[in-house]
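The structures come next, written out as structure tokens.
Both of the next two complexes hold chain A, though its partner changes from chain B to chain C.
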Partner chain A sequence: MKLSPRAALLLLPSAAIFLFLLILPLANVIDESFKLFIPGRIGSAKDAPYTLTNYIELISPAYAKFFLDTFLLGLFACAIALFVSFPIAYYVARQPVGLKRKLAVGFLICMMFLSALVRVYSLELTFGPVGFLKQVSTLFGLTPNSRTYIELLTIAGLIHIIIPMSALILVGTLQNISPRLVEAAQALGAPRWKAHLSITIPLSARGILSAFLVSYTLCISAFVVPLILGKGRLLFISNLIYSRFSEVANYPSGAAMSMVLLASSLLIIYVVTRIAAARWGTE
Partner chain B sequence: MKRYVDNIGFAFLVATGVLAVAFLVFPLLVSVSMSFDSRGYLGPFPPPSLSLRWYESFFSDSYYLNGLKNSLILATIAAVVSTTVGVTAAVVIDRYEFKGKQALATLFLSPLIVPAVVFGFALLMFFSLLGIFEGFPRMIGGHIIITIPYTVRTTLAGLVGIRKTLTEAAMSLGANERQAFWDVTLPLAKTGIVTGAIFAFAFSMDDVAVSLFLSDPNTYTLPVAMISMMRAKFDMTISAAAVLLVMVTLALLVVLDRTIGLDKLLGQGVYRA
Partner chain C sequence: MTRKTTRRQFIKLTSGGIAAAGLGSLWPYRAYAEESLVVVEWGGIYVDSMKELAAQQSKFDITWELHSGGAAAILPKIKGTFPNAPYDLVASWSPVTKSMLNEGWLEPIDLKLVPNLSDVADLFIQKDDQGRPINIPRGVGAMAWGYRQDNCPIEINSIDDLLSPKLKGLIMFPDPILNTNVQMITLARARGGDELNMEPGWEFMKELAESGNIGRVAHSDAEIVNSLTSGETCVTFSAQVNFQQVSKNFPVKNLTKVPGDKGLKTAYFTESWVVLKGKNAQQAMEFANYTMSPENNEAFSRAIGVGPANSKAKASETLADVTMTPEELEQFAFVPDWAYIGAEVDGWMKRWEQEIVPLL
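Coming up: the complex of A and B.
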């Protein structure tokens, strides 16, 4: 149907919401990110001159650590979560309709809805320096207060969030792959592991990819997990942005970091989908 | 030999799955049991005896109660507004052909890739420019924009599955366009709409980053209250609050199951015997 003026009117409320709550605020952040900051003020002055300082600062090695922590720990977490959620998703997807399947799906959805705060608090209570499973740290040859253990805890927090999410995405893909294909390969003499490796995994590549994209964008913008489990010794870019606002009121620098974080998310999504499109055709 | 590798591989994957589920569930059980701890301090697990003291402390602390009240009000408003606006937008996108339709659909989903902290930061600065300094209106704005993509996406997914012939049949039997929409299209899209509303409610309840920026000292949400308590002292009242949040999650799951059924949510897959 052609869009009539009356139907276009229906788009007005949503257009207004996106203009005032997304487009204008982000435009303002871009503007602020180029403003000169004078220490001691809250934010930039109204007539502050435009400058590139806020971005140039971020290139310095002092900041590289935060970017590296964010992107690398996020990547580790995604790799582990994908590896772990695949068998879970496969189990759920091949479950016949009935109570067991319903319970399994309910469990995953419940785990997805669970508040991030509940997760970090529970993990801290279990594996943290006062937690009763803190001996886990000695398994890795670490002390509960070492930096590496804090990194491990942060990864644990991230995968706690993304395992249920990627498992649900993968269930959607896996249940649309015909089980006959693997059976055929096995009937023709392939061992089961090889049949899955050469049939199930390639056919679910799209699902794996979208699970990765959703998980990774969530990980690099994680805020609560590093805030609590990182104990101030491990900061993600999100935490750095928050401290720019809450501790030093250097809004222009926080704005520049926000833009870099947003741009990296966009870049990752663009590059990954581009590679996927080149590999598997359109979409 | 073939069998041998298969069996080891299978056992390894089962072990991975079981370990992962244990990793997801076990910490929660620790939190729940510690919330019933009768000791007045954070002692070693398991608690020697049980009591409700931390729940009493939660329900007698106006700081937490105020946060809980605000969280529930905010999540309700966010879910209602996001669903109304999201469904309207999704219906227009689904039914009409116009230039820039694809771009508009992308715009509606775009808040999903903006990190929550960036939203909090951007909205805080923008609201100060507009001279809005009260926590409540600021947080309503923030929660609406972060939940709208879920309602748009699930409604669109629900509408795409409806065959156009059904609406056409209704209209050829004498229904006008409006009746066909209210009596045929909307009930069929129910699954998507309800899912979106529940997602909106859940993600609004869960939000920390946006609320942390936009709250004021008198208006804050339960997660904001919990996070400031967590950083101040590791008190067990937080476990009681955590258990309450788990209950909210479970309640949402029950609502989801009762209204549309958990089976329908993911579909059955094409190749189901």
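Coming up: the complex of A and C.
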């Protein structure tokens, strides 16, 4: 599509905002990430020499583990959230337009407004070491103080946040799929589960991919959930970045960590998108 | 006769009212007080007490900004805006004050504007290269180990008791940023080290992490109070003000004067006002001086649970656990080298992430 001068003019304000609020600050972070930090100072000095130290420091098994925790727990949370939100979205999308459907959509939207802090503290106070349902941990053969239980609680916190959003994204996709296609398949003798798997799922692949990407992005950049439910024993990369910037004022190290997280996230999103495109023809 | 208001009339009326209210807010409200200052203070009881003092004067109109966690969290905000930082006076403590001094942000204190500083012991005053004071100490606080007695399965008499299997998940250990890692310095001292020789402390820390006794790692004072109060954990190392909060509802034992233990020592710190360079520096000093009069300093330090820095102010009776005679100071207390440890925290935090967190 050719861009007309008038259309280009209309795009100018958003391009300017994009440049000033995203590109320039990001360039500043990239620049900071290569600067030498002197302990005791606040950030790098104006004339600090350039170095690769901030990146080299991250090449250690401990930091690999932090990245792995962030990406793997985020992945588990997304997978569970999609598994749970798909039937919810399907149920809502197949409701006739009316009060019940409005209430269901309204409920999902209201859930999005619920503060992340309220969500995590509700989980903490219910399932945490002093929660009235702390004995749930014994169902998994764990103690409330164990590392695995902390990981499970953190996944639960992430799921709490992403289920309403995933469901809303999927409602939009599923309501555009005609129910007659499934009915036709069943009329031709396909069992319900097969009709669903061979028609509804492939046709909603784009929506599932969108819901996954948005949810995964939120999970790997989560800060409050691991901070509170992780009890300082389970740290996501965003917690380490916060600590570098806000607490020890080592901006170069925080900037390097941010850039590695950004690059890794972009790579994962690219790979997932390519795999989905090859499998379902989504672009 | 009833008068009907049409929809258009209603919209006109309300929009006119909103516009008038909007314009009204542009009127310079500073006219009510002689001067306006932006003061950064800790939340909770700190800011409440300071607001009470500020309400008793009319010269300065104060806009309060709260520290979001430790005092170091304000540093990026100043760094991003200096020399036009939107703050005039900042509540700080020893290591953070040193960092601000290194950046050249602090206005040396003028004794003519802060005469009450002459009643503060020289020991607590930090100075620049030229020997000029750069802080106005408000209080002398103490940090030590302590525990909630009703929730602790053992009586703690030595720092090695922290390794007891009965304390599984019951220790709240502050991360190296909180308290500038003095908690690990106490571990180092227990094994013959100190802040200059932290290896014994790291070894102790590894044993503690592997024991499974650490239930939560604290990032803020609020987390410490919440965890102890809820009963999630029962033992921690903290400033006395936090133990005082918990002791309002539960029995707390302060391990500030434990004979014969090298690790259970009390660390003293100073918390101060610092004045940022800027057009309001003079007014900020005047307000700081007002808060430092003997009666005001006494009221503030009594409320927050620290010893008053002004020697003419009386200490609260509730500070008996941390008020020491010179002999007791020698036996039970130490003053860390704040300037040194302030510069070491970055390295300690990285080491914590690499060596301790994987064991938790």
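Observations on the structure shown:
Definition applied: the second predicted complex is superposed on the first by the 257 of 283 C-alpha atoms of A that agree within 3 Å, B and C clash if a C-alpha of one lies under 4 Å from a C-alpha of the other, contacts with A are read in each partner's own complex, and residues count from 1 in each chain.
Throughout what follows, contacts are C-beta pairs under 8 Å (C-beta built on N, C-alpha and C of every residue); 3 or more make two chains touch, one makes a residue touch a chain.
Everything numeric in this text was worked out from a predicted model, so none of it was measured.
For the composite obtained by superposing both complexes on chain A, the positions of chain B and chain C are in clash.
Comparing chain B with chain C, more residues of chain A are touched by B.
Of the two partner chains, chain C is the only one that A:249 touches; chain B does not reach it. Legend: residue contacts after superposition of the two complexes on their common chain; A:143 is shown touching chain C, with no touch to chain B.
In the superposition on chain A, contact of A:238 is made with chain B only, not with chain C. Shared-chain residue A:60: touches chain C; no touch with chain B. Of the two partner chains placed around the shared chain by superposition, chain B is the only one that A:160 touches, whereas chain C remains out of contact. Legend: residue contacts after superposition of the two complexes on their common chain; A:152 is shown touching neither chain B nor chain C.
In the superposed model, A:37 lies in contact with chain C only, and not with chain B. Contacts of A:129 after superposition on the shared chain: chain C is touched, whereas chain B is not.
Once the two complexes are overlaid on the shared chain, A:227 sits against chain B and chain C alike. With chain A as the common frame, the single stretch of chain C that clashes into chain B is 62-70; none of the other options in 8-16, 26-34 or 62-70 do. Chain A residues 43, 130, 227, 245, 251 lie at the interface with chain B in one structure and with chain C in the other.
Those residues of chain A lying in contact with chain B across their complex are 1-4, 7-8, 10-11, 13-14, 17-18, 20-22, 24-26, 28-29, 32, 43, 83-85, 87-88, 91, 93, 96-97, 101-102, 105-106, 109-111, 113-119, 121-127, 130-132, 156, 160, 163-164, 168, 171-172, 174-180, 191-193, 217, 220-221, 223-224, 227-228, 238, 241-242, 245, 251, 254-255, 258, 261-262, 265-266, 269. Every residue of chain A that touches chain C in the complex is listed here, in rising order: 37, 39-43, 57, 60, 62-63, 65-66, 128-130, 143-145, 147, 227, 231-233, 235, 240, 243, 245-251, 253.
Only residues 68-70, 72-73, 75-76, 78-79, 98-100, 102-103, 168-169, 175, 177, 212, 214-219, 230-232, 342-347, 349-350, 353-355, 357-358, 360 of chain C touch chain A when the two sit together in their complex.
Those residues of chain B whose C-beta lies close enough to touch chain A in the complex are 2, 5-6, 9-10, 13-14, 16-17, 20-21, 23-24, 26-28, 30-31, 34, 42, 44-45, 85-86, 88-89, 91-92, 95-98, 104, 107-108, 110-126, 129, 141-142, 144-145, 148, 202, 205-206, 208-209, 212-213, 223, 226-227, 230-231, 234, 238-239, 242, 245-246, 249-250, 252-253, 256-257, 262-263, 265-273.
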